[in-house]
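The following blocks contain the structures, represented as structure tokens.
One chain, chain A, appears in both complexes that follow, with chain B as partner in the first and chain C in the second.
Let's turn to the complex of A and B:
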């Protein structure tokens, strides 16, 4: 028979995990609704929506940078898909050694310390007049997002059996037609998932935006950073909560779209 | 509408330095049903894919109705292929799968619908048009794949082991259906299979392939009864092999008596195309398990070869008993109606007309191991 108190260690471990995940989020929520909170109080002194009004007031900083963030994220997704759909298809139909090498090449930007990379990109962009432009930030985000884009869409295309394409070819479909009507629709869930990842990555990206975009381009993460540096914890907390919404929504979408057979082929 | 004539001239295909097809010559008349038969790796599937345009050829020509199409892309060849995996599109319904090729041809919507209904009725799939193909059984999927290929009225129908994923029972049924359809529509059909019986039942002509070459082609009876080589004999089911010694004698060959076999006389008329009546030397004799009879170990007539052996193993596959008989250090498989005990001494009586004799050149013609069970039961 099990000892009656066997659940206690398990309960403690679970509790710690829950605290580690939700503790900071709870703190965030408290800050978002705190109007006054100062030492030595353990909890906010007064609650209210004053800062929400301030953040969301028409023509406010937050709404404007939210808009900038979304424009950048959508452009990044478009740019990434334009590269990763053809690249993913080509890679999926390649033989293995060459495929692995090329896919590793897409990992390279991730392999170096990002600060060093971005400082140099900023220098380069300055010369090209791309610094402080949306296009510059989109470029930086695209390079970053291509890893997800290419790796996941390669897996998605590899999961589509070659015979399905050949069947279309054999009864009269051109290569392009069979791609559009058979391969692409079947790979679409995986490609959607990669687009969601790229979108979220772009929305959250900080370092590259900071070096290439500041001071002309302000995204939500930059706004949050500025607010918390200045001690405006309420503004930072509300911005963070706003950033959480798309992440959670899209995670649910991805979870529905990404099937096990596609996941199994990522990087294979 | 009659099918197209297909001519293949000196076709070669290689992947890198590996040659898969080494000079194939094949002429298929319009409306014929040809089976490409061979073990895995013999090049039969590559040949089919070269015909369909999925594999690029390194030499030779593929002609349809006399026109060279070797350089044409797969979609411009007027062919349709049925795949072993069926390759149905899981994001489409049965009707959309079958109608795909018609839509490509910009057929009006109502005409497509009518043609799809017609195909569904012909393939006994009535009422399943709106079903997603993932909800169909294996046999039904196979029919949809066939319907998709036939809907476009192809000149040539290519079948890549379309039955190998079906249950044995359904397979027998579908064999006859495909054959009947092909005859009714008059389409030229090229069928790839490793199943001898399937090839024999379905095809007008059998092409046995070995190591990238055509080993023999002809009518099913011809290839079955008059194999030109030991390989073809073994592949066509004459899996028992014994070594004998032959020399010319009168009108044919005399087989010398050996430690385990009696002597016999083979008339020239009973000799197959695989051996010269003037040959002297060691020979390989192939025979089928059903050609032999078991009896007492005493020599019979001159035109019967008798092997002395001992029953080593017995089984009952149904209808008759099947014995492995040890003859010297070889084993032969023999079917017989009577029950015999393991260890019993028996004589294997072989009418010489059922022996397929080939010169034993001592190299490539090593006897393949006898196959007690046919492959299709595996």
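Let's turn to the complex of A and C:
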């Protein structure tokens, strides 16, 4: 086939992919800016920002949910890193019995369908007074994020050149000091990557929050879901767009965050 | 040297205890609850009720997830294959830029996009009618099992394709070039040379994807409100309307069992790769 002719099938396939990827997103964007849209009109009848004002009005539901979501996500990152950085270091550098089993334990929340587990966590949390609290939701998100926290920080520590640590030790630095001044800074980009994963995972989490957060904790995904079920497509679309921003940003930069040397060691 | 033996355990303990207390324990609780009645006696009535009410939904769930997984696998190999073997740099670059967009989009957002896009008078049908590809009288909504499959594939494909494309990119190119020099076509190189070498990565991606889809509650509720539905919806219904933990956990047990085979692949891979420091 001539090079120019080869662009015909190629163009059709790429066009279909563009339609499949961006069509649903375009529909969402249209709904976010549609003030009136009803059958048989193929496009919104009037556009405007009326619903944006409604969503972002001071002390409105959406701003409150956004704040709740961010507080939960940041707390989840802090809780997750606080326990996974030490664990990652130990798994990468120190001798541990049953190391493989320990690594696999962190994978369990991803290896089992989690909905049935959330139901039972909610039941147990109810007895502990943790249902409907931010703390309860943070705990649930932390468990789910641990696999990123532990596996990626283990990989990040494993990718740090051991000779640099030995050099620090040989000029008299204590084990703790060489960790704080040499190992941790070198592993920091990988740990940052795991933090972003944990943050996004928490920000986007729906099912666990649905069972454990009721009735008092409404995160952005829950608000979006409620609006959609109630048929408020504009409100749902606007909240969905807000949730899209961090997802798309991270998708665009994910490879810069996760360097190949760290990627190669994930799960090892 | 007594300290150095305890220190690693101390460092790992908080993370490990968290998983054990907040995942393994509730998981065990769910397994036990599935097999006991309200009085605490061992029984199979929860399963009897689960099958009596939800046999169709169990089958429906399995078919939807199996179909979605198969489509994701097929398309991920096609995307990875084109990115690896494609000869036109511009087309390869365009595909590489395009396929990843839904990667981190949450399921609720994907469901909301599809809920409007796939409706009878949604943007998809409207665009097809406007392009003259579809008769306005023929339009039909896809908001049933097909919508769920489309949403799952849309959302999960970039993840599996990313893994597969990454594995393909790190292959030794000499065998590919050798096959090409011997006159093998690209589809044949993909199936006979590239695919066997990335099989493990593909399986891992598909199993993780399978487990994820098995836990999604928002998509079946938002895409298709009708019966049959997926067992995640049934579990939520048993809890919210009847506080019926027995039947919900029996359904949960069935969802573990359905993923059991899939998880087995994954654990096998994890052990074979996880022993090395």
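We adopt the following convention: the second predicted complex is superposed on the first by the 252 of 268 C-alpha atoms of A that agree within 3 Å, B and C clash if a C-alpha of one lies under 4 Å from a C-alpha of the other, contacts with A are read in each partner's own complex, and residues count from 1 in each chain.
As a convention for this text, a contact is a pair of C-beta atoms (placed from the backbone, for glycine too) under 8 Å apart; a residue touches a chain by one contact, two chains touch by 3 or more.
It should be emphasised that the depicted structure is a prediction, and the values quoted were computed from it without experimental measurement.
On the superposed chain A, the two partners chain B and chain C both fit, without a clash. By the touch criterion stated above, A:182 is placed in contact with chain B alone, chain C being left untouched. When both complexes are overlaid on chain A, the residue A:25 reaches chain C alone and has no touch with chain B.
In the superposition on chain A, A:109 contacts chain C only, with no contact to chain B.
When the two complexes are overlaid on their common chain A, residue A:83 makes contact with chain C while staying clear of chain B. In the superposed model, C is the one of chain B and chain C that contacts more residues of chain A.
Within the superposed three-chain model, A:95 lies in touch with chain C and out of touch with chain B [touch as defined at top].
Measuring only between alpha carbons, the smallest separation of chain B from chain C in this overlay is 8 Å. Touching chain A in their complex are the following residues of chain B: 52-54, 73-75, 79-81, 83, 85, 87-91, 100-101, 104-105, 145, 148-149, 152, 154, 158. Put simply, chain A touches chain B in their complex at residues 161, 163-164, 166-175, 177, 181-182, 185-186.
Touching chain C in their complex are the following residues of chain A: 6, 10, 14, 17-28, 30-31, 39-40, 42-43, 82-84, 86-87, 89-92, 94-96, 99-100, 102-117, 119-121, 123-124, 139-140, 142-143, 146, 149-150, 158, 200, 203-204, 206-207, 210-211, 221, 224-225, 228-229, 233, 236-237, 240, 243-244, 246-248, 250-251, 254, 263, 267-268.
Residues of chain C that touch chain A in their complex: 4-5, 7-9, 11-12, 14-16, 18-20, 22-27, 29-30, 33, 88, 91, 94-95, 98-117, 121-124, 126-127, 129-130, 154, 166, 208, 211-212, 214-218, 221-222, 232, 235-236, 239, 245, 248-249, 251-253, 255-256, 259, 263, 266-267, 270-271, 273-277.
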